[in-house]
Amino acid sequence: MQRDYVTRAIRLALEEDIGTGDVTSAVTVPAGARASGHFLAKSPGVVSGLDVAAATFREVDPRVAFIALVRDGDRVVPGDLIARVAGEARSLLAAERVALNFLQRLSGVATATARYAEAVTGTGARVIDTRKTTPGMRLMEKAAVRHGGGHNHRFGLSDGILIKDNHLAAIGGPDRVARAVAAARAGAPHTLRVEVEVTSLDELEQALAAGADVVLLDNMAVDQMAEAVRRTRGRAILEASGGITLETIRRIAETGVDLISVGALTHSAPSLDISLELTLETGDATGE
Amino acid sequence: MQRDYVTRAIRLALEEDIGTGDVTSAVTVPAGARASGHFLAKSPGVVSGLDVAAATFREVDPRVAFIALVRDGDRVVPGDLIARVAGEARSLLAAERVALNFLQRLSGVATATARYAEAVTGTGARVIDTRKTTPGMRLMEKAAVRHGGGHNHRFGLSDGILIKDNHLAAIGGPDRVARAVAAARAGAPHTLRVEVEVTSLDELEQALAAGADVVLLDNMAVDQMAEAVRRTRGRAILEASGGITLETIRRIAETGVDLISVGALTHSAPSLDISLELTLETGDATGE
Amino acid sequence: MQRDYVTRAIRLALEEDIGTGDVTSAVTVPAGARASGHFLAKSPGVVSGLDVAAATFREVDPRVAFIALVRDGDRVVPGDLIARVAGEARSLLAAERVALNFLQRLSGVATATARYAEAVTGTGARVIDTRKTTPGMRLMEKAAVRHGGGHNHRFGLSDGILIKDNHLAAIGGPDRVARAVAAARAGAPHTLRVEVEVTSLDELEQALAAGADVVLLDNMAVDQMAEAVRRTRGRAILEASGGITLETIRRIAETGVDLISVGALTHSAPSLDISLELTLETGDATGE
Amino acid sequence: MQRDYVTRAIRLALEEDIGTGDVTSAVTVPAGARASGHFLAKSPGVVSGLDVAAATFREVDPRVAFIALVRDGDRVVPGDLIARVAGEARSLLAAERVALNFLQRLSGVATATARYAEAVTGTGARVIDTRKTTPGMRLMEKAAVRHGGGHNHRFGLSDGILIKDNHLAAIGGPDRVARAVAAARAGAPHTLRVEVEVTSLDELEQALAAGADVVLLDNMAVDQMAEAVRRTRGRAILEASGGITLETIRRIAETGVDLISVGALTHSAPSLDISLELTLETGDATGE
Amino acid sequence: MQRDYVTRAIRLALEEDIGTGDVTSAVTVPAGARASGHFLAKSPGVVSGLDVAAATFREVDPRVAFIALVRDGDRVVPGDLIARVAGEARSLLAAERVALNFLQRLSGVATATARYAEAVTGTGARVIDTRKTTPGMRLMEKAAVRHGGGHNHRFGLSDGILIKDNHLAAIGGPDRVARAVAAARAGAPHTLRVEVEVTSLDELEQALAAGADVVLLDNMAVDQMAEAVRRTRGRAILEASGGITLETIRRIAETGVDLISVGALTHSAPSLDISLELTLETGDATGE
Amino acid sequence: MQRDYVTRAIRLALEEDIGTGDVTSAVTVPAGARASGHFLAKSPGVVSGLDVAAATFREVDPRVAFIALVRDGDRVVPGDLIARVAGEARSLLAAERVALNFLQRLSGVATATARYAEAVTGTGARVIDTRKTTPGMRLMEKAAVRHGGGHNHRFGLSDGILIKDNHLAAIGGPDRVARAVAAARAGAPHTLRVEVEVTSLDELEQALAAGADVVLLDNMAVDQMAEAVRRTRGRAILEASGGITLETIRRIAETGVDLISVGALTHSAPSLDISLELTLETGDATGE
């Protein structure tokens, strides 16, 4: 479940970071001192992970106030305020780094996705993600992809059928695509579409003839993809995949493929630069 | 503990990916069919995460053989074989993506670190990491930094004292650096050195006078850092920090600082391109 | 993941049953005494859960030998031996009840499924399960359904789309079926088929026109289902559902529907009667 | 602890069912739309599991209101309202199936128990349960037995001594009952009574002479049990066990035995038929 | 379950101690260097916890050899060897402190128990423990009590009935003892004996008349206990409790009470002095 | 993290104690009956663990009120009230023993520490703890040491460098102290001081010359320690360790060492005698 999943991820991250306690704050910041601050964008991008950041502070100290000033999916430019926090200074300092680590990474994914999604604007193609996600953060990264304007491929091995090169190798023979698709149609639950990876137009024909619902065109040249679209005539959904970059994605989209999957959305997106600036709230410590 | 930590991270990642089971393999790959394959470098870089990848296969199926052909920390060029795997085809297919996700990300961190470390070769400076790591992967990423030739800063809030701007704000006053260092020396366990962040040469003087063991020079200009080194005269360890890039790191190292911390090693390193190519082992299925 | 899932279920069950230890065995059975025995069918049925039973003994004591004499999915009649166990008497006694609780319940599900599956033999219809499973045992019960000759519907909310009456209520309006299907086609991942529940032939027409991949015919009369099959003309997969019993399933299957889902397979199947009879292995205790 | 135990069981069940998220609701039900509904009895029976059902909704979404309209242990007839729920439509849809799976199964156990308990009304005998419970649900099923008017035997191996046939086999010899009882009296904690299973009147005499506190009469004929009662003369508590049905229980109770244990209460009780009918609350979504 | 319980306790303790890794060994002990050593008694006492110590080393490194040279329950004098270990030096150093912490504390409990048990030798009284155990170590400490020659009272609130002063206060009235015992006999599972705490001979008479199985004599003077024994005439088991010391226990035992419970066995036993002396095995590191 | 750590420890302890439920209260104390009471000191000492005790009651029942009447670190004499509790009687009875087990043990540690700390009053020496703590309670015991006026040594193997005899054995040679210190200075993170154990003045000289930050004087005679202080001349922090008792600590402190570590603070402190006396609140049960 989503809530449990996020909670567990946050606890792991806090455990790693806090260990047996924040020694520095314990010896330099008075117990009860209060502070407040804001998260500030330092690069342009798309925000994702506000809920995770908020939950990180709550996990450390339920009395911390976290007020989002933008929504997941919103664009920010340098200088924009993203959220405010207020509470006991020691709590803010203990949660700060982990909250930023989540927020920066997820906003990085959303920002990268937005660049790819913009590049295909006006074509019918959707930018989709892959399973090349950060271990332990898949659901959060999949949400970040949506915040960036992308769509999700399957979440894992149990909610989608995708027959890849390695499965085809396990079947073997010149008609392996046809036989694999047939096997999947016979054996799989009726709730799942059957997708198969092909590397040539011949294999595409096999896949279509065997009744594939979706065909992944693996590392095809652009004109080959265009031909694939023509031959398919709407009989299956087509997904372009393999080494797609911001430079190439527009031309691929214009071939008429339905989906373009980009591993780099999650495996190589740099973090978005966001900082947290705290101010001590003077006079409050005594009132505690 | 290391072993538990890695096991838990792997289980989380497999749980995310495998869910209720690998439907595709179940319907296309015969039970008992065996396969083997190799991990292949597709970009130049430094490898890290071989143990994690091996443990991922073992977690899915203890009978899978994983043989590393290089060691963590070794350099590879495109075409180099990194490891071999062999076992039941369904097991290999179930573990493949998660093993690659770990291996590619950690190798990405090691590769980025190696670039920074090379850039300071011959100076006395060490490249060190920060707490800007992927949530849930800190220990693995810290190891990857070492594999890339870097060194580690503290692992978390409990194994090091680092008085940062936000702590200083909580103390306040023109002598806040001096007072913070004094408080830390009085209150902290004797096992930890006292490090403080300064933004000016005045603050550096305060820190030295108060007996700081380590001083972090935050976002200083290069000539200011050089001056800081002169004034310190070995009385404290000096760490340069803030927006350091491959372009600037050499000049910073040449100022004579001891340590240069680089957040990008872990927060923005792209994954190293590695693939796994499997081959069905014909004839073996019957022998099972 | 399957292995983890089963292990966790077994540990929970043993924890419940063993608590702080088996007092009776501790005071009446000598440490080191060895025993062996066999699992014996006492009613006719189909076996499921042998792996779970074996893993239960292993969890209590890895040195216990458990040898299955039949396979999951095999039919047994009263008197048939199902498996043998041998090991330290105290270990066998500690694991016995939990192993039987799993084996009897799962075999009960397989047995019930087999009865339904037999009833539709020769028609093209498949018997499928529902989400009305025992909390904490879904994957095991879904396997038991397969062992009994049935097929699985989706495993949970994330690996299938099924728009039910309550979703339709949330959309509202006379064209709610059409709009729901359209929304699902637009918003859902491309890996999942779109299934919708209908209660009338009019709604069926809406569903087909909107492009539903699968239509669930809810509580329809048999002749209404037959008419639904005629009108559909293979444009969608049809699932019959609602109050289906062993008495009615054959006639329903003969209407030509593709799938018949039966909640009772998992929510009301009585346990299969299986016993474990142990014998002390005399003379062995001293050899320990 | 009870609270933890139930929470853990609910989380496991939700994890199984929700997986990475409820796709259908995500694409067909607007975020923020609100709904309400009621749990409705569709068969006559005794309710159990209201707290578990309530906690299931709370676990998914703490803002859902769940108002029980009857109490655990109350009888219902078809058409009776059991509880109301109200909250965000997506939350209700996500929790619905798991809540029903708990409520229907536990009410099934309570209903079966009530039938047995009624059958012995007016005799001094109590209907008690066994350890033949659903793995992972023992404490909940034991409570359901109480709600149905039954009583509990031991919860597991650590809170009761019950020397069974397999323990006696491990002792061996014609005086094995006497020796087992003596061993238990000498070795067991003083807090536990000593119960032993016997299959003949001779063994009963041995048990009584050795000071057994409770004697389980295993699969005895009714007149043999009557004789056992006469011979015991109140020196021990007598429990009848083995293949007891609704048809035979009254006669057994009339022999004067104190306890009658029935495995079918938990291992073979069909679920009670209960449905949840939801209605969209129009106009509320905007107010969110 | 016992095995799980111990494993979990060991993991918690190692997690606390090892944190992100043993820095000292990492920088001073070569990887692969091997060592061996022995556990040495430095005070006289009774050993307990050998299995826990062994499992601690195995948890850190399954290749470590741990050979017990005595058994739990054996007496040792200063200079006695208790166990040998051999393995990778870093593994031994990582596990050493936690293994000793368990072994010394549990041996401390066994040693204290042995002193009390010896003091009552030849009387019929048994020394028993209480629930005043170390949080998280109850089952291990209960075993240590047995190793020291004592017996166990109940393990927790669910495997024994003990009506204490606070329960009696909740019942109230001059006949509260009688009413509490009657309520317990009516409501409790038949597997548990009914024990009640009394502070006077009058209350003892009430308890006996109401059918208490066990009576706890709370803080009674020795001659009052003797009178309690006379009046009871074997109708109930008698437990002496409250402030019992090594100085007073013999006289209490001689009154004829059956059980004497001593909280200090577990809440105040000093650790037994045991050390681990390691020797580097020269020449082995290269062979790794 | 601190909060998680304490919660987990409390849950483990409650799980051990409550098991499947508090049978005694269930059968003798009416549901809904309310009670209140106070924790009472029965020996003189220093209190620690109030937060843990409070959290224990909250964990069992969030509606219990727990009001501390003193603070951790306060001294109490027999008869002093430490805290009040009020709530449902069954909840208080279920949490009572575990709360006391924590409070008494931690107060025992604080009390022992206070005795040692008082003994060195007026000298410059600090009393510090060791890693000889109760498995699973280290952080709580370390806090208790601070409450008693002591200071903490490292929390575990990752937040401090302490080269002990066994590490030195692994280095070997007459200059092993010097080489170990040099290795640690070269390899360890810059955040940690380097501490080394020495057994002679020669080794002390080696350590100082090699740049040790802290030197542990192991089992040295008092005059040897005094000489060590003279020779060190403030170049390193000196820690006295080994068999230190209340009788010897003052003289050791007077030698001028900085730190004195005492294992007995945590491994052998007897529990502080504290009781909880409850009173039934009459008339309240009906109002529930």
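Observations on the structure shown:
Lettered A, B, C, D, E and F in written order, each chain numbered from 1.
Rule of thumb we're sticking to: a residue touches a chain if its C-beta (ideal position, glycine included) is under 8 Å from a C-beta of that chain, and two chains touch if they have at least 3 such contacts.
Computed from a predicted model, the values in this text were never measured in an experiment.
In terms of the stated touch criterion, the partners common to chain C and chain F are A, B, D, E, listed by label. Under the contact definition stated at the top, the chains bordering both chain B and chain E are A, C, D, F. Taking CA atoms, the transformation carrying chain A onto chain C includes a rotation by 180°, reported to the nearest 5. Separation between the centroids of chain A and chain E, computed from CA atoms only, is 52 Å.
Chain geometry summary: the mean Cα position of chain C and that of chain D are 21 Å apart.
Once the centre of each chain is set as its mean CA position, chain D and chain E turn out to be 34 Å apart. Remark: chain B and chain C have CA centroids separated by 45 Å (rounded to whole angstrom). Residue positions of chain C with contacts to 2 or more other chains are 16, 18-21, 139, 155-156, 158-162, 189, 192. On chain A, the positions that touch chain E within their shared complex are 16, 19-20. By the touch criterion stated above, chain E contacts chain D in their complex at residues 128, 151-155, 158-162, 189-193, 195, 213-214, 237, 239, 258-259. Residue ranges on chain C touching chain B, taken from their complex, read 1-4, 139, 155-156, 158-159.
Residues 8-10, 12-13, 16-30, 33, 35, 37, 89, 92-94, 96-98, 100-102, 104-105, 108, 131-139, 155-164, 166-167, 169-172, 180, 183-184, 186-189, 192, 264, 267-268, 270-271, 277-280, 282 of chain F are the ones that touch chain E when the two sit in their complex.
Per the touch definition, chain D reaches chain A in the complex via residues 11, 14-15, 18-21, 59-60.
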